[in-house]
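In what comes next, chain A is part of two complexes: it sits with chain B in the first one and with chain C in the second one.
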Partner chain A sequence: MIEEIRNQARHLLENGEVDVVIGYAEGSDPTRTTPIFVRKVEDVDKLIFDERCINSLPLFLNKRHEFPRKGWKKTGIIGKGCDIRAITQLIAENQLKRDEVFIISAPCEGVVSHPEKWDGKLHDGNRATKCTDCDVKIPVDTDFFPVDKPEVDRTAPYQVTAPQVANLMSLKTDERFAFWREDFDRCFKCYACREVCPHCSCNICITDRTEPSWIDPAAHKRGVFSWHMTRAMHLVGRCTGCGECTRACPMGIQVDLFNQRMKDVIQDHYDYKSGYSMEVKPPLITYKVDDREDFIQ
Partner chain B sequence: MAFVCKWCTYSGADLAGTSRMDYSPNVRMVRLPCSGRIDHQFMIKAFEQGADGVIISGCHPGDCHYNEGNYYARRRNTAFRELVGFNGIDIKRLEFSWISAAEAIKWTEIIDKFTEQVRELGPHNPYAELVDPYAEYLAIGQESA
Partner chain C sequence: MKTATIQKSDLGKAIDLLVQADLRVVAPRLQPTLDGPDDIDILMFQEMKSGEGHQIGEGILTHNGIKEFLFAKHEPLFAYELKGKKVEITPVHHEYPRTVILGVRPCEAASIPSLEAVFSNANAGFEDPFFTKRLERTTFVTYSCTDADASCFCTSVDIQPDDSTNSDLHFTELGDGSIHVEAKTQAGEAVASILEPLFTGEGDQAKREKMGKVAVEKITRLRDKAPIRAWLDENANFDDEMWQRLGEKCLGCGACTFECPTCHCFDIVDENKGTKGYRVKFWDSCQFDHFTLHASGHNPRDWQYKRYRNRFMCKFKIYEETFEAQGCIGCGRCIRGCPVNLDITEYMAEVAHKAANPAAMQADPDFE
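Up next is the complex of A and B:
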């Protein structure tokens, strides 16, 4: 499988169809992989793809990063199904044009949750949470797929509430507050959750603005609550659930629980699933006259 | 704390005032051009600064001065309410209502009812207690300056 991907990348680079191929390479130790930007044909053999490839590469397609501004006309990118959902969402939000990107994908049976847990093979103990209920093992929209692509029925309703979200929702309001209070006590606002997100697109984040200072930059709990609410609110209906924010958090706070909850809300109210269509607009930038309004007096 | 639309609710509250109706004095209003202008950041900031309850109000659907602002506000607040609830803040502290410029009576009723509702819940302590550990040092600095 990896040979086909390498051949395709070599072909693209030799013909000048793409300026760069973003993929995975061996990392600093055998348990890790690292993103690689392949610009020369001879580097193509460095590309790999296996269960250790957890990083979400669409991050590098986001205009917030310097990479898309380097004058690359077309970018080749290797992605798992969930990464391609993120690309699809970027295209739906007009952050990216479909013809600016060449998507190479591969069937994925899940990835490891943390490099430290890698012991040579993937099992229930080290599989990432997002992979448990994955429905994009065969990706939605790709330009190149190394094996024959089976037909998948995607019309079936897909709504899985993450068990932890369900647990939290079964608690009382003040117990939930106590849970977050304990968790957010550890947050020191490194903003890793923002930096790793493929959908945080602002050039200057609202937390970095000092005038007016909407979110207190100090890492005390009140400001931390505000930051995580703001972050979750900005990702409503856009988050594709790659779970990178939780993986990147150095303090082990499950910040993606907010996003998981909002995913359920949006599916429930507006029947919208992010990252499956390039045409449908995200729910918060559009409306219907007969939207539900049972909470309104 | 009330974030209201300039065209409907603010005029409605104005009508309540000029008609000399009584309502709870606990509300502080912020006038904005449209309910679509009411950013979630305002609500978050209000809670952060110790508001016990927040009201958002605008024109009825179809009556928006800008045709569609309140439809966007409705979607945004559907999501925001769920988020606030998930965060562990009681959603009874957050109220959304449609009040037109002629509905002064509805305005007074909503304010009275909401004030009563928040009074039952009591001050919003859990959030207010999350104080900045350096607040007192900052306060000292401000006094001397």
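Up next is the complex of A and C:
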């Protein structure tokens, strides 16, 4: 399979159809892989794809990460089904044009949740939550798929939710608040959760604004809570559930639980799931006169 | 200095004794967190009320460092209030409890003199009172490594897994359930005297030396630090192609800097409410895009790879030049914590390679 992907990348670069192919390469130790920008044909053989390829590469298509994109007119990108959801969402939000990107889909049977859990194979103990009941193993929209691509019915709601969300929701509000109070104590505001997110698109994040300073930059309780709540709210109806924010957190705070919860809320209220259509706009960035409002209290 | 042995199974009791002696005890413990898929074990230095659940000597390194117990993540410097046209300043009361930090790994202990060189530098005529008072009142009980993971590289920066240079009291497992204890300072002896009821005999120096070397063999990430400083001192190398090539995947989060035991940059803001507030000092990171952003809008480190270049230069040149202290202590936290596997040791290897092969220094045409 990787040979087909490499051949496709080689073909694209040789014919000048793309300036670069973004993919995965071996990392600096056997449990890790790393993003690679392949510009030269001779580097194509560095491309790999397996269960350790956890990064969501579409974040490099986000205009916020300006430097790598300098001079790229058309980008080839290797993505898992969930990554292609992120690309789809970027296009739906006008952050990217469909003809600026050549999507190479990698058939994916799930990835590991954290490199440190990798023990040579994927199993129930180390598979990322998003990979259970994944409905985009056959990707939504793609330019190249190395095997036959059957039609898939994806009309059912996307309901992959970690059991932690239900556990938290079963608590009383003050108990839940107490949990996050303690858990957020570890946060030192490195913003890895923001930087790995394919959908954090602002050139200047609200937390970096100083006039006025909306969010206290210090990592005390007020600063941490206001950051994480704002981050979660800004992603409502936009998050495609890649789980990278939790995976990237050096302090092991499961921040994507907020996003998972919000995904259910959006599905219930707006019948919308992000990353499945390049045309349908996310509900919270559009407006219709007959929008439901009976839930507003 | 006298030595002793203590049983590893008695370390919980050791914490209890120190707590009973009215000391604030900090030790590694697993953070209770939400069980389920995608969770990982979070080993954290935490304040202990008893010895229950301690993980001294377990795992490789904690997620948080000892740094936050010396250089707080955030602290108010003073309070202010606008009264008419005058500003009234009032000091903020800080507590500096006597603290013992147990289970510090030798690499991390090597960061103590580095932080001291920055924050309480008598030569430079500057002392951060908060840091200095905390350091004075903290005793470090270090613990030799007998294991290493794929990210460890202390030996590449001249630190040994059983180094006791920066210890007050140093523990080394002897492999039979007992621990060799050696006091290195008066503060260490004071802690040792509290632990004395738990001592089971004299130390075994020969066995300690042998066990101290066990981890060396397990370290797989080996780099040559020697040529790095001279290569960085060469001005032309500031614009070498490798900075872009290796650094372009950097996302600009601050995980490496906040995890780093020797990173020490901070910012100061006024947290205002109406006519009063606090002036607050808190951690900042050179990896953030606004770290060097001038008021004019100009940013001398305008791309992310330049920010990572700064981080590497800080560790291997600026720290040595400005503070005469060691920048990188080889703990590997920045490697473990990086979301895109940007690896400081790959930079080290690349520099060593370039220093040995000057012809390889040509610019890459792809970046022109």
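We take it that the second predicted complex is superposed on the first by the 287 of 297 C-alpha atoms of A that agree within 3 Å, B and C clash if a C-alpha of one lies under 4 Å from a C-alpha of the other, contacts with A are read in each partner's own complex, and residues count from 1 in each chain.
By our rule, contacts are C-beta pairs under 8 Å (C-beta built on N, C-alpha and C of every residue); 3 or more make two chains touch, one makes a residue touch a chain.
Predicted model, so just to flag it, every value in this text is computed and none were measured.
Trainee: Which partner does A:31 contact after superposing on A: first (chain B), second (chain C), both, neither?
Mentor: second
Trainee: Mind telling me which of the two, chain B or chain C, contacts the most residues of chain A?
Mentor: Looking at chain B versus chain C, the one contacting more residues of chain A is C.
Trainee: With both complexes superposed on chain A, which partner does A:168 reach: first (chain B), second (chain C), both or neither?
Mentor: The answer is both, since A:168 touches chain B and chain C.
Trainee: Kindly classify A:208 by the partners it touches after superposition: chain B alone (first), chain C alone (second), both, or neither?
Mentor: So A:208 only meets chain C here.
Trainee: Between chain B (first) and chain C (second), which does A:230 come into contact with in this model arrangement: first, second, both, or neither?
Mentor: First partner only, chain B.
Trainee: Please indicate which partner A:127 is in contact with in the superposed arrangement: first for chain B, second for chain C, both, or neither.
Mentor: A:127 sits against chain C, while chain B stays out of touch.
Trainee: State whether A:220 touches chain B only (first), chain C only (second), both chains, or neither.
Mentor: After superposition on chain A, A:220 lies in contact with both partners, chain B and chain C.
Trainee: Figure out whether A:248 sits in contact with chain B (first) or chain C (second), or with both, or with neither.
Mentor: In the superposition, A:248 touches chain C alone.
Trainee: Touching chain B and also chain C: which chain A residues?
Mentor: Residues 168, 216, 218, 220, 223 of chain A touch both chain B and chain C.
Trainee: Could you pull out which chain A residues touch chain B in their complex?
Mentor: Result: residues 168-169, 173-181, 206, 214, 216, 218, 220-223, 225-226, 228-230, 232-233, 236-237, 258, 261-262, 265-266, 269-270, 283-285, 287-289, 291-293, 295-297 of chain A touch chain B.
Trainee: Give every residue of chain A touching chain C within the complex, in rising order.
Mentor: Residue list for chain A touching chain C: 27-37, 39-40, 55, 59, 65-68, 113-114, 116-117, 127-129, 132, 162-164, 167-168, 183, 186, 188-192, 194-196, 208, 213, 216-220, 223, 243-244, 246-248, 250-252, 254, 256-257.
Trainee: Show me the residue ranges of chain C that touch chain A in the complex, using the header's touch definition.
Mentor: Those residues of chain C that touch chain A are 31, 33-40, 42, 44, 63-64, 68, 73-74, 150-151, 221, 248-249, 251-255, 257-259, 267, 269, 271, 280, 282-283, 285, 288-290, 303-305, 335-337, 339-343, 345-346, 366.
Trainee: Please give the residue numbers of chain B that touch chain A in the complex, ascending.
Mentor: On the chain B side, the touching residues are 40-41, 44-45, 48, 61-62, 68, 71-72, 74-90, 95-98, 110, 126-127, 130-134.
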